[in-house]
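Structures for review follow.
Two complexes come next, and they have one chain in common, chain A, joined by chain B in the first and chain C in the second.
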Partner chain A sequence: MANFVNLQKASRRKIYYAIVLILPALVLRLFTSLYPVVYTIYLSFFRVNPIIGAHTYAGLANFQKMSADLVVRESIMFTVFFTFVSIAFQTALGLLVALLLNKRFALRYFARTINLIPWAIPMIVVALGFRWMFDGEYGIITDLIARFTGLRFAWLVDPWGARWAIVLANVWKNTPFVAMLLLAGLQSVPLELYEAARVDGASGWHCFRYITIPFLSPIVITTVLFFTVWYLATFDIVYGMTGGGPGFSTAIMSYKIYQETFSHMNFGYASAISVALLFLVGILGTIVLFISRKFEILL
Partner chain B sequence: MNLEGSRTNLVTTYVLFCVYVFITIFPFYWIFISSVTPKHKLFSIPPLYFPSYFTAENFVRMAGNIPFSAYLRNSLVFALSSSAVSVFLSFLAAYAFARIRFRGSNVLLLLFLLSIALPPITTVIPLYELYGRVGLLNKIEGMVIAMSSLITPFTIWILISFIKQVPAEIEEAAAIDGAGFLHILFRIAFPLIVPAVGTMFVINFITGWNELLYPLVFAVDARSKTLTVGLTEVALESTAYGKPWDLMSALSVVMIIPVIVLVIIFQRTIVEGLTRGAIK
Partner chain C sequence: MRRGLRFVVLSLALVVVLFPGFGAFGEEKISVAIQSFAHEALKPFIEQFETQTGIKVTLESMPSSGTDALTKLTTYYRAGQSPYDVVSDSDEASPAFARAGWLEPLNDVLPADFFEDFPPSMLESEKVWNWLDDKVYRVRHSFEFGYFFYRKDWFDAMGLLPPATWEEMVDIGKKFTAQGKIGVEDALSKPALLYVYVAYLTLQAGGNPFAFDEGFKTAVKFIHDMIYEHQIFPKEALNKNYDQINEDYMNDRVAMMRQWPYFYSVTRGNTEWYSEGKAEIALPPRGPVSNASWAGGWGWEIPKFAPNKEGAKKFIQFILSKEIAPKLARANSWFMNPRYSVMAELGDEGLAKYMKWYSDNNVPAPRPYHPRVAEAQNIVDDVVSAYLIGQMTLDEAIEQGKKMMAELGE
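This part shows the complex of A and B:
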């Protein structure tokens, strides 16, 4: 017992303690992730009747159906579009906001609270709130856009209008969060570095390029990676804001899977689309990881 | 830099700051205004930016439209329990990862973190079937199991970095004095990282309060449905003007207020907890 925290000797007893401590979290995690994923992959090869609970082996039938399904193709396209367009906008705008809030001025404390509030509220509230504000007749954003541009447009009735409206609502909610992370990064840069660079005659741009960016790039990479896998699983905003419509133009993959599962009771087919989503997350996650590694070396 | 230049700089800063605050606050303003505007004024073309009639009637009608108090209680129980379970299990695991080195511990931690990438929807069908078989469907307990598991990897990750910040000497000294394992864990290590545990409890509570998917899938009636599901139920109704935006706004305000209060109280520690993951 005496050498429990002694890091020199990893005694048998310490390892036993580690296992006991980690086991509850591990069991919980395996029960709700590994088991369901394996079972989902299994189900994707079956035709399932959830009412009577019967499974019939269907081979690749679900996957064949999926490859011919235009809705699924559209769904994959929109999922990827939503993920990367949102990330591009929120990162660029988040950087601007962080640089703005990093300036010394009287309201910085207030600004930090403002940054957290959109992060803290339920996505379903944001989704329905923006649906209301984008309403074709009574919507206030519709009205504002009409006042400034003369363009009165029923955004959520048009496929691309709806797609961009969803991205806009999402970027509105998450930009402050990204800004908060980048702001913390900016504040971690030692001020002496800038002073030293100034003394050596570096321009503002040089300071930004060779001091600020290298300090921020690991944070940008972590957030981009995190948001990539997170956005590929987006559900709430589509469920609340468009219900996948108009038509199926905004049926993001999680939403499509939900619909197949609980509206059409096609458990087997929904599982096949789930497998496709898992592949998408794996592939895009790896690509983003590799690109960001390369990028980090360049910076 | 001359004085003139820095003054225009400051003006630009304030102008941009006002634009940012306006964009961020505006949706809140509008949801709030919609919640206190009488129905016949709410559906105006063009919309009334600064309405002059206020009413609390929308809140009363909203609360009569859904089993409001049951949903509110479920939301609280669901968020509090999910947060408590995840923080407790994460503290145990994070302590082991931070303090005890053993073969495979890095791989195990990596697996925990990789599981963050798993889309929750891909696990829903098997859990739904299983919950149906073992009687966990329409039970808050079942929803809590799924939810606390979902937020555990992130919580472990953040807690590890907090625990590593605390020097191990105090625990070592206690061990030399003959303190038992449980004593060291709960009486010595735990008090040292109580602030971090509290921070994660607040963050996880907010995450649970906001969760839609699990309650939507696993809850069947007022025994386990939460406010997030309640909001989607109000949204299903339709009136002559479209959706009942007056009632939805009222419910939205009720759902927003608790988290805004939490954010204002715990602003500093929440920011520290959230940025911990990205910056080290």
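This part shows the complex of A and C:
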């Protein structure tokens, strides 16, 4: 009995000791992560604007305003479009690039290195560069298309042109990173599996479908989930390329939040949009995770 | 003893190397924030101020756009702090700061006859934008309005005179467009640049851009028609900034363009391209009501949280004085304004000639005021841009704009 009590005491002491060790990190984490989230939710129920000296309880007024705000509605649509189209393109292209870089050829290490250059460029630089490249008059992309097709398209002043231009610039920047992740996955596939499959008469497509894809699927799922959360909060590419225009066709949610927070100082309203974005990230993240798991089981 | 002395000397040397400001401990100093392109022009005057007062001045950079200035300064002021003692601030930011109680009144800083140096048009604008309950919170050092630049060399070659009305501008624009040139251009990208042009034309049509009234409707329809019906104004301008339209102009593509006064120096500074007549200034073409061009600018203010308010006040007195302000305007056109003392100093020199000409013809008009100007401008930007790219009709744009503006006024 005495032994049991001693053991309990020792175990309790260990727990206390562990708590004391964890506590500083826990407090810091709560302060830097939980506090801003809770405070943002709190602010979303208030009308807060330091410039007009407002700090009054607003109930659900900010959320009602949001549902009637044309720019917010458009920004939700574009945010979802931007996220999923970008991810679809960059995953498909990333896989192609990864397969190429996984082949044996001269200078392949050099090719792997230069592949990463777009990813290493800061997004705002990419945005400003593509703004010029998609320029309807001087842009190199516009010009090349015009030389081959005879059609000159003013990308950034057409709603859908601007949306696609932003997606393409984003895909150009982030595909190399996805390719590197998938390349790492490809290199972890045991070669014996391919050899055994070939002995059994499997074609190249069968090897790809039944060996490569299942091995890559955990990486693809992680990447998709990671980029879904990341892209839902994208800001800089829109800021640099279109400023949310033309009209409000490329207004993305985080850009709207930035505008309401830092240009208009409507902290309450911006917080309400942030809460909506938080929910959107949560819902879409869960859906992506669910679909990915299903996909993984099917494979 | 000797070892102890060596230790003290080494310690002091280390402190001086690691903390260069240590030697200035106890010295009175102020920090002045202003856009970096103005620093060089300011330096000789700063030296003079330092010699006269013994106050050391550090120049810091401010963003070049008014909304960015608002963003940057709000974060400081909201926290009850200011790293700056004196700030050159924008129309978008300063009035809001004054209402929030974040600025120091300047009434006791300025001489009693200070505003007698201001012509009525500038004084009126100062009162609307920088005064609150008879207290002065900011004094503009730059008072700018858009000038109408045109290619006089091309006009002369075709036997044309600069357009006096919107209709003439369209007719002339068509002649240039037929030759593969751009008839008229301005930067219409978001944020803020589209608003600048809409407000300019709305005033000429007798309206107020924040009221979404008939004048606004006429002006916005006119932009639309220039782009789509007359095709004298490129649709691409909807995503162009000032750098891009300046490039268009100096690549000999544009016949007529409204632009801020700095473009005068930009064209003259491009010595490889510039020759007489390539960037001549005419009065703005008259709209249905006037040929007004709204005036706004940047001005000096002292944050309530300035670490050295007394030093800041001395700086304001110095830099706005009738002796220094004209010399500063000569050093950099950004400090040019229609104050009598400034105009007397500059005479008919450079851009001053045109500023006087515009003023004599009642072209400068007060910038349209709204208590939440940054938000109001964004609303105009949003709905006009949506209309110009066909996302909504003009009536829908006006209805939407009115609705958003009404919510803003709550």
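Basically, the second predicted complex is superposed on the first by the 267 of 299 C-alpha atoms of A that agree within 3 Å, B and C clash if a C-alpha of one lies under 4 Å from a C-alpha of the other, contacts with A are read in each partner's own complex, and residues count from 1 in each chain.
What we mean here is this: contacts are C-beta pairs under 8 Å (C-beta built on N, C-alpha and C of every residue); 3 or more make two chains touch, one makes a residue touch a chain.
Nothing here was measured: the structure is a model prediction, and the numbers come from that model.
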Does the chain A-based superposition show chain B and chain C clashing or fitting? clash
Which partner does A:Gly185 reach: the first (chain B), the second (chain C), both, or neither? first
Tell me which touches more residues of chain A here: chain C or chain B. B
Looking at A:Ala111 after the superposition, I want to know if it touches chain B, chain C, both of them or none. Which is it: first, second, both, neither? first
Once chain A of both complexes is superposed, is A:Gly247 in touch with chain B (first), chain C (second), both, or neither? second
For A:Glu137, select first, second, both or neither according to whether it touches chain B, chain C, the two together, or no partner. both
Determine, under the contact definition given at the top, whether A:Gly94 touches first (chain B), second (chain C), both, or neither. neither
In the superposed arrangement, which partner chain does A:Phe235 touch: chain B (first), chain C (second), both, or neither? first
For A:Gly129 in the superposed arrangement: first (chain B), second (chain C), both or neither? first
In the superposed arrangement, does A:Leu43 touch chain B (first), chain C (second), both or neither? first
Selected from 222-230, 240-248, 276-284 or 330-338: the stretch of chain C that, after superposition, runs into chain B: 240-248
On chain A, the footprints of chain B and chain C overlap at residues 50, 131, 135, 137, 262
Taking the touch rule as given, give the residues of chain B at its contact with chain A in the complex, in rising order. 10, 13-14, 16-17, 20-21, 23-25, 27-28, 30-31, 34, 42-47, 49, 89-90, 92-93, 95-97, 99-102, 105, 108, 112, 115-129, 145-146, 148-150, 152-153, 156, 168, 171-172, 175-176, 178, 180-181, 184, 206, 209-210, 212-213, 216-217, 228, 231-232, 235, 241-243, 245, 248-249, 252, 255-256, 259-260, 262-264, 267, 270-271, 274-275, 277-279
Touching residues on chain C, where the partner in the complex is chain A: 67, 70-71, 74, 78, 96-97, 99-101, 189-191, 234-236, 238-239, 244, 248, 371-372, 374-375, 378, 381-382, 385-389, 391-392, 400, 407
Tell me, which parts of chain A touch chain B in their complex? 1-7, 10, 14-15, 17-19, 21-22, 24-26, 28-29, 31-33, 35-37, 39-40, 43, 50, 97, 100-101, 103, 105, 107, 111-126, 128-133, 135, 137-140, 143, 172, 176-177, 180-181, 184-185, 188, 218-219, 222-223, 226, 229, 232-233, 235-236, 239-240, 253-254, 257-258, 261-262, 267, 270-271, 274-275, 277-278, 281-282, 285
Complex contact set, residues of chain A against chain C: 50-53, 65, 70-71, 131, 135-137, 154, 156-159, 162, 242-249, 259, 262-266
